[in-house]
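Heads up, the next two complexes both have chain A, just with different partners, chain B and then chain C.
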Partner chain A sequence: MAKVTIDGREIELPDGVRINAIEVAKRMGVEIPHYCYHPGLPIVGSCRMCLVEAGNRDAKTGEIRMQPKLVPGCTIPATDGLVLVTTGEKVQQARAMVEEGLLVRHPIDCPICDKAGECSLQDYHFKYGQSARRTDVMPFTSRKRDLGDVTLFIDRCVMCSRCVRFCSEVSGTAELMVANRAAHEEIDVVPGFPLHNELSGNVVDLCPVGALSDKDFSYQQRVWFMRQHTGVCTGCAQGCSIHIEENQDRVYRLKPRENQFVNKWWICNEGRYGYHHIHDAKRLAAPQYRNGGKTTDLDWTGLPEKLTKKLSDAGRLGALFSPFLSVEEAYLLAKLIKGIDPQAILAMGPVPTVGEDKKFPGGFVIAAEKAPNRRGVEEILGYFMHKLLTFDDFLNQMQRTELQGVWVSGGYKGPWIDAATARKFDAIPLLIVQDLFPSPLSEIATYTLPGASFAERDASYMNRYDRLQTSRLAVRPPWGVRAEAGLLWQMSGRKGLYSYRAVLDDLCREVLYFAPAAGPLPDVGLDMKINKLAKSGALAAKMA
Partner chain B sequence: MSFPVLNYEPVLLANIHKENSHTLAVYEAAGGYRALRKAMKEMKPDDVLATVRAAGLRGRGGAGFPTALKWSFLPKDHPGPIYLCVNADESEPGTIVNRVQMEEDPHQIVEGIILSAYATKSTTAYFYIRYEYPLSCQRMQAAIDEAYAAGFLGKNILGSGYSLDLFIHRGAGAYVCGEETGLIESLEGKRAWPRIKPPFPAVEGLFRKPTVVNNVETMACVVHIIDRGAEWFRSIGVPPNPQDPRDVGSLGPKLFGISGHVNKPGCYEAPLGITARQAIDELAGGVWKGRKAKAVIPGGLSTGLMSYDELDTPLDFAGPLKVGCLGLGTACLIVMDETYSMVDFLYNSCRFYAHESCGQCTPCREGTHWSMMIMERIKAGKGRLIDLEYLAEIGNTIGIIPGTTICGLADGAAWPIKTCIRKFRGELEDYIKRTNPTGYAVEVAVPALTGTNGKPH
Partner chain C sequence: MKNDNSKVQWVAPPKLGLLGKSYLMLFLHGLVTAMRHLLFHKSITLQSPDERHAIADPVHYRGVHRLNKDEQGRVKCVACFLCATACPAHCIDIVAEESPWPDREKYPKVFNIDELRCIFCGMCEQACPVEAIELTSFYDLTGASREEMIFDKEKLLSVFDQTKDREPMPSKRVISATTGVAAGGQA
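Then we have the complex of A and B:
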């Protein structure tokens, strides 16, 4: 156990914790400002913003010996007896000096900078800098360079080299480099080899100032207008933790949320920019009823009850569960359909897969399976059906058993069914399709219901490593759209507004697999594999 | 160039007048590779190390760190490889001694490298030479080829069972490559951004293996220590102060490169501890044109300035510290006569460091650039008295000594500024008042003369 003293307060670190002074201070709520340090990148100790006074307490005599010079906090390992002073005059002067230095050549174009409001240079200047510029006002320059996936504002850069280290260590592509020397240093790429990789968006998050600008986000929104919501990326089966940032029901960007169990600090570009379908004009916008060749737009009033009744009257039922459904929705839907027709056939919808898993040198993985909740839906279907049916099984059974009513849940971000497959559903008298976008299937459905995107509902997803995470509602669905969850809630005859927690509680009580989720879900999610372990443990105990 | 002064017979420079002094034949005729033969026949690596330790040799690169102590930091019984890097990136302004050695007596250096590599149990040595020395590079390469052919390098040197490969690596002209970890990074093919220490190179250096980085002149000294014995080496220079157990003294011969306003600029050999005045008057023939020296840089630009009154300071490892200089440095003096403007000096100095800062640490990158902007403005007649305060503040806050940078380059940038302002403040103030009679007292921020990208305001 290591005992560390920071500004007179003591903290005890458990054995085996290997962190540096900045991280220890963070655990105590003490901020040590820094630019170049990032927990996910190699330490270079070059920005010198984290300079602190460091010393050691003698274990026997208790005498404290301080080092004569300032030490960068990022390079100090938290060992037993470490003593830090982060508020002394020397430290304050050093911080003010670094801040002043960084601002000597900075254009200070905050009013037109996207980073303003979440910029370390700004924040630290107000906290630790000097109020007045003392000398040598540099001419205003705001040179810009296209680096490929991102834009570089050369003069805003503070040369922390985080982006360079990210490209060499995490994405392993090493496109970025530091060109020139001293005050002429610039981040650059080799001509003809632009910054272009699947993780390039992360360099914008890493940039502590406004030097690297996201082409997707630039000049779209001031950051102080946006609200941040806890989310889960639905781009692939990894289920990266994200923040969804929106203003007035419009999502402006997705950012990675630190989760050591899943995505560390990063997300891929596919996930980061995979929100544009939310605001796509082609989305289904109103429920429709189709009779023969005639299509009527419907109102939601009374529709859920009507749909329940139609399903009850239909006879033999079947349902396709999309891997984009949350566990709550899958549970509500399965419960609903099975409640009406205990013989109903429930099956997994198509699971989109593209290529192979891609692993990066930094450990980040992009999964080939492009759906967030195959595992969650599988477990629920397994509980209700005892045998997991795939999409092909469902098509076969559909023709054999002459289903009278079929509920198809979609939610796919792109085309997922071709016309030939859709034609197999022609004979179904009652076909209800809830989806984001029109598809060959929605064209022939009796009822077409517009569904909600991932940002428009409270939903829990289980990634392919059985980690259950909840994504919270960030924006309201467009007018005319009702989220699957709310609709199914109402169709199940429940009262009041949809509450994911209530559904999850029911699910935990009913389906043993989800029992661990009965308590509050942490932000980083819950590993459900613990169940399997318990099961095998019980089995082992029985056998012994 | 070298001649006996102060009753001292040169050792390191003994060969350099001879015709074809850079060839193996001439070097061997003068007793070359005698030390190597002796070491390979009679001495174990630890004996070599012990002899160097007994001699009290301190590194000639600038910091004066005891060489044997540095070698002894290498991990014991390391499975290897251990690397020896020889720093021939002689880029400190005013420093001209390694070049003479490399061009005129390369075999002496090669022999020293073999002995040092033997003492450190290295099997590979790298000779990092700066790009601006093409002739040195040619001569060193020729010497290495000759040494390979004669069996001094390569497998099983002189039948001793010890093998060593020596490679030349040419730098690309950056000052910071003379910093030992910057040099290692450069050798690894990376940008020469000095590393955070610890871990020190002796523990984790080149290719993450234990590494020793030594100066060219240190290598040459090792030859003579092995050849003539530790006692001979200890008989030259300034012995340690017996009152101070931590003082290791300044022993042995030293090359002094003297340039600037002197009658006979050049590279001279003398014992450590001669005074700056002796060096100028007796080695370099006095200040030119019968003038008086105004300021002297004792050991490369980074060490700062000595004023005329301080010229009796002994040039040993401790002497220049006493008059506020950074240290002995490379013991290469730059002499400025009484007509020389200190504003020009400071401008040149600031410009050099603003150009050569590696740009890694904020205080150095921005401090050196800011000081250059200030000096540009002062030189252009737009200086203010308060600028001197700012310069002094920059000088006091950047560097490894206050702890604000990774390497010592910033200290090198700070010392000329600090010493110049402390010792020649009156002249700087006069210049500012004379050239900017209306604005010298302004205290609010003023426009810089030029921007980063060279565009005028």
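Then we have the complex of A and C:
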């Protein structure tokens, strides 16, 4: 056990915890400002912002010996007897000097800098800097350079080299480098080899100042206007934790949310920029009814009750569950269809797969399976059907058993069904399709219902490692769109507004597999494999 | 309870006599004032809109907004959104775009002010780091519809063209040494 003293207060670290002074201080609620240090990157100790007074307490005599010079906190390992002083005059002076040095050649164009409001340089200046500027450099416009996926504002850079280390250690592509020396140092790429990799968006998050700018987000919105919502990326089966940042029902960017169990600090570009379909003008906008060749736009008033009645009158039912459905929606839909027709055929929709899993040197993985909740839907279908049916099984059974009514849930971000496959549904008298975008199937459906995107609902997804995470509603769906969850809630005859927690509670009570999710879910999600552990534990106990 | 501190001086209103209690003198005093105003003062009621208010200092008046132009006739605004941030009525709507000019990072593609929402507090003017947005002395703005009252960038720039001579930008103002009032320079 290591005992560390910070500003006179003591903290005990358990054995085996290997962290540095900045992290220890963070655990105690003491902030040691830093630019170049990042927990996910190798330590260089170059920015000198984290300078603190450090010393050691003699274990026997209890005497404290301080080192004569200030030491960068990021390079001090938290060992037994470590003593830190982070508030002294010496430290304050050092921080002010670093701030002043960084600002000597800074353009101070905060009003037009996209980072303003979440910029470390700005924040630390107000906290630790001097109020007066002693240089006679007036604010100027920063030079900029296109690095490939991102734009570099050369003069805003503080040379922390986080982006360089990210490219060499985490993405393993090493496009970025530090060119020139001393005051002429610049981030640059080798001519002809631009920054272009699948994780390049992360360097913008890593940049503590406004030097690296996201081409997708730049000039779009000031950061203080946006609200942050807890979300889960639906781009692939990894289910990375994200923040959805929105202003007035428009999503402006997605950012990684730290989750050591899934994505650490990163997300891939595919996930990061995979929100544009939310505001696509081609989205289905109103429920439609088709009779023969005639299409009429419908109103939502009374429609859920009417759909329930139509399904009840139809006869043999079938339902296709998209892997984009949340566990709540899959449960509500399965319960609804099975409640009407206990013989109903429930099957998994097509699971989109592109290429192979991609693993990066830093441990980050992009899954080939491009759907967020295959595992969750599988478990629910497994409970209701006892045998998991794939899309092909469903098509075969559909022709054999002459289904009278079929509910198809879509929610795919792109085209998912071709015209030839869609034609197999022609014979179904009652075909209800809920989807984001028009497809060959929605063109022939009796009822076409517009569905909601991932940012427009409270939804829990289970990733391919059986981690259940909840993504919260960030923006309201467009006019005319009702989220699957709310619609199914109403069709099931439940009263009031949709509550994902209430559905999840019912699910936990009914389906044993989901029992561990009975309590509140932590932000990092819940590993549902705990079930299997319990099962194997019981087995082991029986054998012993 | 009386405080026995010797430094505290106790005062009481003077006792009124019979004349004072009747308030007759005060009544007469007031009557004289009213008659003086009635007989000798010029009426200050204006027959608006035929007659117009004389605005003492147009530079300080807070009326309709304008977007200032620089020497080359370009919009001065750099689309920093600070006016929209400061605005307590949320009436400013900006869409920024990368600027086509080398000396500027970005500029407003769209700049809308909802003049019906605006409370004319002048916070936008104070927040602006490049003196791009200002309030002019136009005070009687009318429109036939709500849409018409949402002033876009072109309209706000045209307000500048109409008012630039009468109300120069702060950096062009010549402050009179004797009166302290800003006099017109060339915008």
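Keep this in mind: the second predicted complex is superposed on the first by the 536 of 544 C-alpha atoms of A that agree within 3 Å, B and C clash if a C-alpha of one lies under 4 Å from a C-alpha of the other, contacts with A are read in each partner's own complex, and residues count from 1 in each chain.
Methods note: a residue touches a chain if its C-beta (ideal position, glycine included) is under 8 Å from a C-beta of that chain, and two chains touch if they have at least 3 such contacts.
As the structure is a computational prediction, the values presented were derived from the model and not from experiment.
For the composite obtained by overlaying on chain A, chain B and chain C can both be accommodated side by side without a clash. Draw one line from the C-alpha centre of chain A to that of chain B and another to that of chain C; the angle between them is 90°, to the nearest 10. Chain A is touched at more residues by one of its partners, and among chain B and chain C that partner is B.
Touch criterion met: A:T75 reaches chain B, while chain C stays clear of it. Applying the stated contact rule after C-alpha superposition, one finds that A:L497 touches neither chain B nor chain C. When the two structures are aligned on the shared chain, A:M1 is found in touch with neither chain B nor chain C. By the touch criterion defined above, A:T141 lies against chain B and chain C together after alignment on the C-alpha atoms of chain A. In the superposed model, A:A420 makes contact with neither chain B nor chain C.
In the superposition on chain A, A:V104 makes contact with chain B only, while chain C stays out of contact range.
Chain B and chain C never share a C-alpha pair closer than 15 Å once the two structures are laid over each other. 141 are the residues of chain A that lie in the contact sets of both chain B and chain C, per the superposition on chain A.
In the complex of the two chains, the chain A residues touching chain C come out as 109, 111-112, 141-142, 218-220, 222, 224-225. Within the complex formed with chain B, the residues of chain A that make contact are 35, 43-49, 51, 67-72, 75, 93-94, 97-98, 101-102, 104-105, 132-139, 141, 143, 155, 158-159, 161, 177-178, 180-185. Those residues of chain C lying in contact with chain A across their complex are 78-82, 85, 96-98, 103-106, 129-130.
Of all residues in chain B, only 174, 191, 193, 196, 354-363, 365-370, 373-374, 377, 386-387, 390, 397, 400-406, 445-448, 450-453, 455-457 touch chain A in the complex they form.
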